[in-house]
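Please find the structures below.
In the two assemblies presented below, chain A is common to both, partnered first by chain B and then by chain C.
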Partner chain A sequence: MLNEKNVFGSPLPRIDGPLKVTGTAPYAAEYHDPGMLFGHAFYATVASGRIASIDTSKAEAYPGVVKVYTHKNRPALASSDDAWKDEVALPGHPFRPLENDRILYDGQPIALVIAETFEAARDAADLIRVDYAADAPHTDIEVEQAKSYVPPEPRKEDFLPTDPRGDAEAAYDAAPFKIDAEYVQEGEHHNPMELFGTSVIRSEDGTLTVYDKTQGSQNSHDLVCGVFGLKPEQVRVVNAYVGGAFGSGLRPKHQLIFAVMASLDLKRSVRVEMSRREMFYLTWRPATVQRMQVAADADGRLMSVRHHAVQATSLYEDYQENVVNWSGLTYKCDNVRLSYELAKTTMSTPGDMRAPGAATGFLALESAIDELAYEVGMDPLELRGKNFVTYDQNDDLQLTSKALDLCYREGAERFGWDKRSHEPGSMRDGQDLVGWGVATGVWEATLSPAEAKVRLFPDGKITVSAAASDIGTGTYTILAQIAAQNLGQTIDRVSVLIGDSSLPKTAVEGGSWTAASSGSAVQAGCLEIKKTLLSLAQKMDNSPLKGAAVEDLAIRDNRLVLDRNDQLGLAIADILGSNEMSSVEGHGKVEPDQEQAKKYISYTHSAVFVEVRIDAELGVPRVTRVVSAIAAGKIINPKTARSQILGGVVMGLGMALHEEGMIDHRTGRIMNHNLAEYHVPAHADIHDIDVIFVEEEDDKASPIGVKGLGEIGIVGVGAAVANAIFHATGTRHRHFPITIDKIMEGLPGQ
Partner chain B sequence: MDIATAHAQPKTRVALTINGHRHDLEIHPWVTLLDLLRGPSLQLSGTKKGCDHGQCGACTVLIDGERINSCLKLAVTLDGTNVTTIEGLGTPDDMHPVQKAFVEHDAYQCGYCTPGQVCSAVALLREGHGRSREEIREMMSGNLCRCGAYTNIADAIQDVMDQEVKVGMREAAE
Partner chain C sequence: MRPFSYTRAETLGDAMAALAANPTARLLAGGTNLIDLMKYDVERPAAIVDINRLPLKEIEELPDGSIRIGALVSNATVAHHPAVTERYPLLCSAILAGASPQLRNAATTGGNLLQRTRCYYFYDPSTPCNKREPGSGCGAIGGVNRIHAILGASEHCIATHPSDMCVALAALAAIVEVEGPDGRRDIPFSDFHRLPDDHPERDNTMRHGEIITAVRLEGNHFAGHHSYLKLRDRLSYAFALVSVAAALDVKNGMIVDMRIALGGVAHKPWRDSLAEAEFAGQPATEETFAALADRLLAGAEGQGDNDFKIPMARKAIVRALKQAAAGTPQVQSDKQIR
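What follows is the complex of A and B.
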């Protein structure tokens, strides 16, 4: 007999796996239509100024070219900011491609070539000639921070730095041990492996099916309708498979606008796909300068925390992150002052990248805490334990759960932290300088409004549908698991339909909320089904379920039964049959619980331990061991959950050691806009990574007890690496990424 | 000859065997194998484009058994060759052992780098390389995975390798 306990919490392989490993899962730029046209963008080669003149005649004359669009001949589109603001838009004026002659950033698309073949579009674009009236670029955060400002319109209320408490300044001055340090971090680029692309398939009646690389099909859908003045039913957006995004696909990109624009104008199906180079002129993790002032008493207790951050944004929007608030809630401290400002740059608007704000804030906080531990002369893990806090001091709220202490304990045990010797440079192994570092991580666990439909058939087949996205996160599989669990089936009986704007409403996939939100909506849908079945069953003659409540019920072997005595029940086929129904549907909806939010707040936590080995002569760093201990409530699928953490850790190693958009500040242009010069971690960079999920019961974070895993894996990794490098070499690095040249300069004896 | 005149030149005839099927094609000389595969005529989009510059490995296919970045090969130079793409290795109902191992070890997340990783791994095993964890890491480094599935990919490859060794030992013993 089926044991439903096996479904929830078991490491099942992904249900979309066979499609992915055989290359049969279709991504946005892989939908075809006879007579489809291909678009290729042409982009600005100055960072700021105006287009003085643009000559597209050669491109237009190129064989196969159908049309070249510039600001001079772009079809009229909506002009108001409102029409261009997507679901997660920012304060400011959203970018509209080909709007006018203004250049706002290096790589801005300023023309679009549409041709009969991809090659013709690409090659013709090379024939476009532009004269610019260029202005001076402003791209160096360390320079531009002189003109920093408090953003006049907050992106979200809870991104505002929390009010100061106590007297951080006086407490700092009075404390015996203190650190005052500045941390600089270069900009990072998401670089999902799939290029941004959109295929617009135009049907005979003029309606459009838009295959878009996005983290929210409904977000793209609504934007297209607003910008082009289309009725909702004229457009359907599909993102069934998304080749990674990490936040870059939260806001729709210009290739979507281009593809739809050309399709409507030329009355043809159109595909526009970006080049890898263009992927550097989008959403990026902003360059940031942070100042930390922290102080402790002789017992390692935190006396004062001050954290100030300045982040880059664009000329046209105020992108903002929650960088500093973490410093007021991670450890117990009564004297705290947090502040946050922006600096304008001639770059494209930054955007959310895996754990936006936290990945950045913890780089500084967890480096400074490590520095403070050395100042006090205390083991860095011990100091963290001393300052453990059981509530959210920023907002004076209870936590729904916090098993961070278990993360510290189990992580340290697995890593062997007790064998660490405290002194920097004291763990040399032959040619290798060995260093061990630790850091804490926190991310918010939120629920966003979500809906899902679940349908159960008499033979036990189940379909689940929602507009949710699977960007590699495992959404398909966990939604199937939740439906199977709740309806007493095995996972192979469930088909999941997601990634389609015509399905039940779901927010963009981001912030680690999809599992909790869509998962809870599926569970609610299953409950609806049980309720419907029960009321139908109770109307039947001699029903053994008369008087039963829905909480007493389970579904086993396609029968609706009493949980405590499954001899009593009715076959689902009979219940449906006697009511002449061929299936039963439940429509589940979830919303954040506003009442609960007045008392409770929810976070995921982590402790990450890192071993770095550095070649004593060459300075080559290798991260040979990572242990990431995670407290994130209930884990639906340990296999896909582990992968989420692995992915976060790997990106964190890139952030610590490799990744930076290199800008020539004289021209304001990105110089390393390709995967050979922008180094994302490769196979050879990644050694052992061990993931631990500690026990954590949570009945408040979400109805299914899930907190979300997409972000927490990266938080703290950068600082743990920096701390390990300090432990190996005795040199503290505060400028990220910590590349070999910097390590070499800081080697003992240099 | 300028580029526009070149475009008007006749196409070149080539014969390629792709996944066991012979294709007689007329193509422009500047069309890469990657764009040919993914294009409207063949629609074999299991082979992915991640950079078009030979820097990511997403486009890896096997030419006469050898792994190459198909974005770096002009299709007209491949007359008479045998090309195996991901579609030629297995299907969802009949997966290649490497594909099965990838599913088992969750050696992917978004799945976009995956066809390239699988093709590369298949060739690695055929080359007789990847005998140690370190060698796998080194010799798979041309295939980037932004989702960070590296440790699981290495586990999957090692798993297949171990199975092959076992089978080999059994056969030798018989």
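What follows is the complex of A and C.
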């Protein structure tokens, strides 16, 4: 391995940072074209029913308006569901904007105004009048769960609840200590900073360059080709910079369809951008009800785990998450039964939101485990340690690595857990009730198929290209680091080209797999370069590298040398020059190892420790300290890695305390559809967050030893906060978010 | 958003003439509320009259010891002005409890008084709302009403006035100076905002064509014992669920004089001067404060989601008065409850 440049593992600032802070990194809705048209959607104001009539005449007559599209006059679009299924589509019928007169959810786009200016489009949209034949809405998960069902078609085989093992019911009945509790979580709505937007730039020959806010340029590309019957070469999709996505951009959104539809129809460049309000009708983390039945013996050993979850989905698709399987693999337990159902609601289809499934499942599991520890009368961290398991009991597979024990140990030490007193309410400090809580987190570490091209020039410059996306996670930077590391250069020599559907194939950016997958593809590309250079060098006269193997090589000072004796080697310029080449390219490709998958499975792990201080009379909560200890294999860049965990923790605090779509269940409409009333944590809500990456060697999770960090940071945070609030106040909160009124009502002496 | 005409007034006379010329004309001050509402298609003025050039940007210290704050002085300027900090720290504290630094820099004194409710339904023109569209009904009654009123509501509207600054101004018994076609007048703060009764579309007692020119504060004895306590859904940058502006004049442990106003609970900053008078002369103790809280909240009624505001207000009143009595006012910078 080449390691002397020390690029790998350095906390390098992100290479796209200067562009971002100076406002020069262009986002999807910032690409201009003279003569561009602008679109603004008009959305339904009932949650269910039909459009009885829609009057667009005033909007059409509005100065500057070019055309108003509704289900009545839209151009023909693909008619088969298949054409509408994107790379990560769900079982069911994908949403097609302006398909017909049916209203499936509050905020559904039912008209599109295209005008010469954004303002004209927006203002004209206010003039559209609709009569609805409305049906009764169904939006309250606590009511709709009565009609829950097992999804007939699983989203993924892995998401199916694993088969029961042992006899969970009998073991529960026989156990001395048990918990049977229900946890309810309100829906959360994706609100990354960048709004969804698409700019379609039409060139004279009719081909389209589509700047789209997405987590996968090739996913958007293929969907557009399918829906509009275009040839692949007629469309190029670019998502060079993405202003946060967190899963919201995994599936292409209707503004993409709208912008392309209008551009093709009107033969002009078109931009359609959403408003903040429209963000509330897109992808959301579904409202969920979970029932946990867990039992332990007097030593705190788990005797039985039953976990049943019911999640909201839409009328038209069966969105599903892996909510319950975590409960069968986090701790050792021989009697397990897991079940998962959906309930139809008149809401838009939910979607993946940072650690989908795990963030929700661990909210219930880790709350229940804490409750159980208090039943048994045992320190909650000790009980977790007691049930440590070293393999995956669900699938009977070995783990590629699991340094969760180190997370517990190092996290507890940093936090000072040994100074905790067990009794709730026993750590009062003046006016503050102090509570300490802990939770475990697990997330899957996966590799998805990825390709990358790497090109090395004689002067040591490198270009890396792949269709990967950087959704703010630092992909640009780590790909540069990996290339620099492998080709013996400093990071400033590397240019990274990503976010373009015409580049080498990459899956959508999600599931925390980009670093491992694209990173490994880049490494594979670098290896190919070295192999090519070596074979070229060996053909040269008097080559000092005759007989050398590629493993023995390093690149130093632009020379291909023997690692153990770098006097022996050749300048890259000479190798290329003598072969009349101006550069050398390597094409790297990775795929999950199917053979390995029969024996091994890979997860990232975390232990999160939280301190809350709660005003003893008023119930005002402050999360004053968080320690998040993470085991995620090799850390390529501690700085971008830490940022991912910080972001995950902050989002977890929002999930625990703030975020909630408030629905008027009489009408099925979301009422707090703006960022003044939909609360995420403000700066004042965030105090010390300490991130620890524990040592974890893993040579199987991915070729570069990386496991991915995008989601693990949020997992467990909600439960750790709830557990800390219990420790402070003695009241268990099982309805999330735990807002100030709930805490106040649960204070001692109320 | 609807098209509108824009004019910039150079004098008060210009502004009044422009208002008189168009019944839907609106003045533009900081714009932090008006422009939002126009974008949401809630406010639909045909004419915008920009008053930012009017000479209403001074804070004057008057010979009789009072202070006059021009209507266009920014919230931030008021909060950091030495004379205000010294004599009306309660006002500074209330301002700093609200919004964000960016908003406080843009928001003006007059605009703050006239900001409109944050009721979700008011903000969404596709729902019924008597305040936005008289006679259309009230969406919030029986709906999502976490942030709504527990005092002084009517069957037509249960909205609250969202301002923090106004709660302190109510407690300090400010005077609002307005000027209109019929000349100048002074409006005592308690008469400025109104309860919804059967006209929720009217937030206050100003007449069309009138302009706020200043807010006047008289001398007081409260600078030593005051507190502004705000409870909300996150520690900063959220409107009050309940807030309390408390001001005491205490001697030898006895209340000589007191003021208390509540925010987030009614269609106007809630103040009951009869109750204040009754409690003068009583010991400044927790028992007294609890009795006062009960008295203030005697008629309180929840709407469902906001039932919690009644116990919350009771506790907040007691705590704010305790903070005031102890001379340890709530600090707004670190948001830590004292």
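Keep in mind that, in the parts below, the second predicted complex is superposed on the first by the 745 of 750 C-alpha atoms of A that agree within 3 Å, B and C clash if a C-alpha of one lies under 4 Å from a C-alpha of the other, contacts with A are read in each partner's own complex, and residues count from 1 in each chain.
Note that a residue touches a chain if its C-beta (ideal position, glycine included) is under 8 Å from a C-beta of that chain, and two chains touch if they have at least 3 such contacts.
This is a predicted model, so every value here is computed, not measured.
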item	value
Chain B versus chain C as contact partner of A:His32, first or second or both or neither	first
Which superposed partner A:Asn191 touches (first chain B, second chain C, both, neither)	first
First, second, both or neither for A:His658, with chain B first and chain C second	second
Partner chain(s) touched by A:Thr473 [first = chain B, second = chain C, both, neither]	first
Chain B versus chain C as contact partner of A:Met671, first or second or both or neither	second
Touched partner set for A:Lys20, first chain B, second chain C, both or neither	first
Touching partner for A:Arg622 - first (chain B), second (chain C), both, neither	second
Touched partner set for A:Ser582, first chain B, second chain C, both or neither	neither
Partner chain in contact with A:Asn542 - chain B first, chain C second, else both or neither	neither
Contact breadth on chain A, by residue count: chain C or chain B	B
Residues of chain A contacting chain B in one complex and chain C in the other	119, 123, 674, 676, 681-684
Chain B-touching residues of chain A, taken from the complex the two chains share	13-14, 16-27, 29-30, 32, 34, 36, 58, 61-64, 118-120, 123, 127, 190-195, 241-246, 273, 275-276, 471-474, 639-640, 642-644, 646-651, 674-676, 680-684, 686-689
Chain A - residues contacting chain C, complex	45, 119, 122-123, 126, 431, 615, 617-618, 620, 622, 657-658, 662-664, 666-667, 669, 671-674, 676-677, 679, 681-685, 739-741, 744-745
Interface residues, chain C side, partner chain A - complex	1-3, 41, 118, 120-121, 123-124, 126-127, 139, 142-144, 146-147, 231-239, 241, 308, 311-312, 315-316, 318-319, 334-338
Residues of chain B defined as touching chain A within the complex	3-4, 7-8, 28, 30-31, 35, 38-40, 43-53, 55-56, 58, 85-87, 89-93, 95, 99, 102-104, 106, 108-115, 118, 136-138, 140-141, 143-154
